[in-house]
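Both complexes below contain subunit A, partnered by subunit B and then by subunit C.
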Partner chain A sequence: MKQAIYGLVLYVFLMLPPVASLAESIMTVHMHMQMPLFVIAGMLMAPYLKQRFPGFFSKWNHNGVPGILLFFIIMVYWMLPRAMDEALAYQSVEIFKFISLPFLAGVPLRDSWNKLGSIGQNVILVSFSIISGLMAWLYIFSPTQLCNNYLKVEQITLGWAFLFLGLSIIIYFVQQFFVDQSQYE
Partner chain B sequence: MALALKETFSEKTNKALGVNSEDAKLTLTYLSLAFIILFLGGTLGLLQGLNRAGLLELPSWLNYYQVLTAHGILLVVVFTTLFMVGYFYSGVSHTLGGLLPKVRKIAWTALGSMLFGVALVAATVFMGEASVMYTFYPPMQASPWFYIGLVFVVLGVWLAAFGVFISAANWKKRNRGQHLPMFSFFAVGGFLLLFLGSLGVTAEVLMLIPWAFGWTETVNVMLSRTLFWAFGHTAVNVWYLVAVSAWYVAVPKIIGGRTFSDTLARVVVILSVILNVPGGFHHQIIDPAIGEGIKFMHVFMSLSISLPSLLTAFAMFAIFERAGRKKGAKGLLGWIKKLPWGDVRFLAPMIAMITFIPAGAGGIAQTNNQLNQVVHNSLWIVGHFHLTVGVTVALTFFGITYWLIPYLSKRELTPKLNKLGVIQTLMWTVGMYLMAGAMHWVGLLGSPRRTSFSTYGDHATALGWSPYLFSLAIGGTLLFLAVVLMVYIAFHLMFKAPKGNTEFPIAEPEDDAAPTPQWTERWGLWIVIAFAIISMGYVIPVVDMIVNAPPGSPPFRTW
Partner chain C sequence: MIKNKQNLIAIFLVILFGISLFYVGTDGFKAYTAETARTNKLMEEKPKLPLVTLEDSNKRSYSFSEFEGKYVLMTFIYTSCTDVCLQLEVNAAEVYNSIPQKYIGENIVFLSISFDPATDTPDQLDKYRSYFKSDGETWRMARIPNQKELDTVLEELGVIVIPDGNGNFTHNSAFYLAGPDGKLLEVMDYKKTEEAAKKVTDILDNEVEG
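Moving on to the complex of A and B:
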């Protein structure tokens, strides 16, 4: 319950117009800070929603696969340059962003993660590191400006941010094999 | 199995017989060198203090800026690193049951690398080839051998760090399901932070070397400064973390108390590792070429670092109050009287902690853009870090020395030596407060840092600084005497004090303490989060500095 309140506070805070416009004024912050924070807000609210609607989650997401697929689709959608542009241009798309990231990505992620088991988790980690690598390549080397709203230098910056994100995921993924927690615990 | 048995056996003998003599040889070597460096650095400090007051003119073959460069590097990099390695390795040896032979070898190699590096650095500075201060900002250019020396110092630090990681991993394998002892947890955290912090400066130095040899013509000044401060800032926070480890682990035992909360201490270590590196930007608040938005964001990154310090302050006062009440203290503040003020092993770190209150407050003030404009590059800054590093860190190190060296040399701290220690502590405190107080004040009046004595053609403003600079010199003189006394005490404890058995003070948890949660041990996760936060702090400005870079600067020699 406490978590859900933190999540709600974070959610409302992120939607405050000055906060949202500050975050959206820098491309990297838009994609790598605002969007993940929305997902985290959703993750914080997930246990409460599961408690309220237990039947819904067990019926639709009993093995975690539908949930993680939904998460995947939403995340990939928001990585498209065009989606970011539209969020800035159309109020309706902005609202869709505010709803989809916490409730269609954050909540299902938290519900699915432990249901997936280690193989499923590893598949997700590897896919996201590969996607990050591709996005890094796209944004760093694209010869043209991809977003109407962001300059090319911001685009390159975002590319590097993707590279570091991908590296972080890879480090995490690889250390699991070297540092077997069960061996230490 | 046989190996495991043997190792637990050696752990037991270690507890019963005290330190393994080969480990002691290693750590005592590090500590002796630390105190020799303290003596050299302190002597140079005295020369600077006297010069700034107009009492001493330095000869042309050893001018103010050579002295200042050497003072800065020797004290804030070399003394601290040597002490850290000596202290952490002693504690790792003590809490994990002796160093592995492999780790001991690594630590000796690390020492060799560091000493070789420092010799190169010192030689170039004293030859007048590297008066670039400890920050070595380009476009000022030193001899390439200065930078090569730095590479060897960093290499030594990495070796020492990996020695600790290997020890910890090995212990965890032998003790499944157990938490790393708190002391070693601090050691792992400290070395991990130092390692993360040194990545940036390594990249910088590798850019500067070809430039110093003349193979590349220009250098990206903003990028270099940014990479430097990722290290410079992190390093002082590592020294602070080393001091904090003694407050959590040793001080409660010395005052007859218990640790406050094992979990809290570990959270402080984890937060320090995760949050620290991007703080480097608060040293660049006046730098051009960093956007206002980024600077604004970094105010928060910088302030977030004070969170673990505030947790520590809370825990320390709780420990003191509980210990005092156990001894029968009454009333709101009665416990203060029950603390062992006459015991230098408590007095020195206690003054160190108290000093961090004004020192930390000054730091929080400086990190704000508008206030920073007032004090930037003035002597205020020098006053600030002589409180933080010069008192909080250095005095805690001295406090550690009174039990660590006798523990290693199998001797005892006599009451007479304790008294001498109390005198040393008070001299150091009074000296630093005189000097740093004067620096703070005269900084507000506009006196610049890193500037040898000048009256600026007898300008009235500059003449108005004289009384403060004079008090700076008095404080500096007192400090020099305190340095001499400290070095005497350290070597006395090593070679002359009566034989005996000194324990390595490790505080125990309260009897009803809650168990420490397992997640504190997830180092893989902490490294990844630290990495992500470092990227959050650096990717935007660094890409901007590279993509939108000006042509770069050719070298300058300002001396």
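Moving on to the complex of A and C:
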């Protein structure tokens, strides 16, 4: 319950117009801070929602695959250069961002993660790092300015941030094979 | 078993949702950047150039009707720009030089419009003009002194200009071709100069012969 409140506070804080416009003024912060924080807000609210609607999650997201697919679709959608531009240009897309990231990505991610089992989790980690790598390549080497609202130099910065993200996921993925998790539990 | 069925339906629905989201979000998988979406929309709408007053490097003032009966190839720039605008104008010069001489001035005029009227005075534009060997007549450089009118043009043609406060601007670039009736005909990729030159020449050939 406490978690859900923290999640809600974070969610509302992120949506405050000055906070949102500050976060969106820098491309990397927009993509790598604001968006993930929305997902985290959703993740924090997930247990409460599961408590409220236990049947819904166990029936419709029985093995975690529908949830993780939904998470993936939403994440990839928000990696499109156009989606970022349109969130700035149209109120409706901005609202969709505020709803989709916590509730269609954060909540299903937390619900699905443990249901997936370690193989499923590893598939997700590897595919997410591959996508990050592709995005890094796209944003660093694109000869054109992909977003009308951001300078090319910001775009390149974003690309490097993607590379960093991809590498971090890979490091996490690899360490599982060398570190015995049970020692720390 | 019933649980698994719902799980399967959920997977199906999620995939369906994903496809529709991407379909709508990219105009049917055609536009992955806002810039492509913008140019696609402009070419569909073909807006008429608004009534505004231009002031060129020779201190002459006129509206777009000055070019009535001629095609106009426009670019949007600011002279203190250090990267994209230079490339844009170098490429415009390339197109200018690739179009058959007989059409230049007669059937088509080049026009570079500054969106930084405060800095880009006629004198400044005149200096800038000389860097690209523009003659100031068949290739003119002009500013729109009235900020309100300038905003109308930028808005109408979907040119996004974001000042960074230090005298620089974030902006998108393209070649804009307006027809003899003052309506926008084409928005072309400024990096593909050969393609643009060919397109413009074809249009002019058709116009003169047809």
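Before moving on, here are some points about what is shown:
Basically, the second predicted complex is superposed on the first by the 181 of 185 C-alpha atoms of A that agree within 3 Å, B and C clash if a C-alpha of one lies under 4 Å from a C-alpha of the other, contacts with A are read in each partner's own complex, and residues count from 1 in each chain.
The rule is short, and it goes like this: contacts are C-beta pairs under 8 Å (C-beta built on N, C-alpha and C of every residue); 3 or more make two chains touch, one makes a residue touch a chain.
All values reported here derive from a predicted model rather than from experimental measurement.
Placing subunit B and subunit C on a common subunit A by superposition gives a fit, with no clash between them. With both structures placed on the common chain, the touch criterion links A:H32 to subunit B but leaves subunit C unconnected.
Of the two partner chains placed around the shared chain by superposition, neither subunit B nor subunit C is touched by A:S118. Judged by the touch definition given at the top, the superposed model places A:Q176 against subunit B, while subunit C stays out of reach. Legend: residue contacts after superposition of the two complexes on their common chain; A:L151 is shown touching subunit C, with no touch to subunit B. Vertex at subunit A: the C-alpha centres of subunit B and subunit C lie 110° apart in angle, rounded to steps of 10. Residue contacts after overlaying the shared chain place A:L167 against subunit B, while subunit C stays out of touching range.
Contact with neither subunit B nor subunit C is seen for A:Q91 once the two complexes are overlaid on the shared chain. Once both structures are overlaid on their shared chain A, subunit B and subunit C have a minimum Cα-Cα separation of 12 Å.
Common to the subunit B and subunit C contact sets on subunit A is no residue at all. Across the complex, subunit B meets subunit A through its residues 172-173, 176-177, 293, 518, 521-525, 527-528, 531-532, 535-536, 539-540, 543-544, 547-548. Interface of subunit A with subunit C (complex): residues 58-63, 65-66, 69-70, 73, 77, 80-83, 85-86, 89, 143-152. Those residues of subunit A lying in contact with subunit B across their complex are 22, 25-26, 28-29, 32-33, 153, 156-157, 160-161, 164-165, 167-169, 171-172, 175-176, 179, 181, 183-185.
Taken together, the subunit C residues at the contact with subunit A in this complex read 3-4, 6-7, 9-11, 13-15, 17-18, 21-22, 25-26, 31-38, 83-84, 160, 162, 164, 170, 172, 191.
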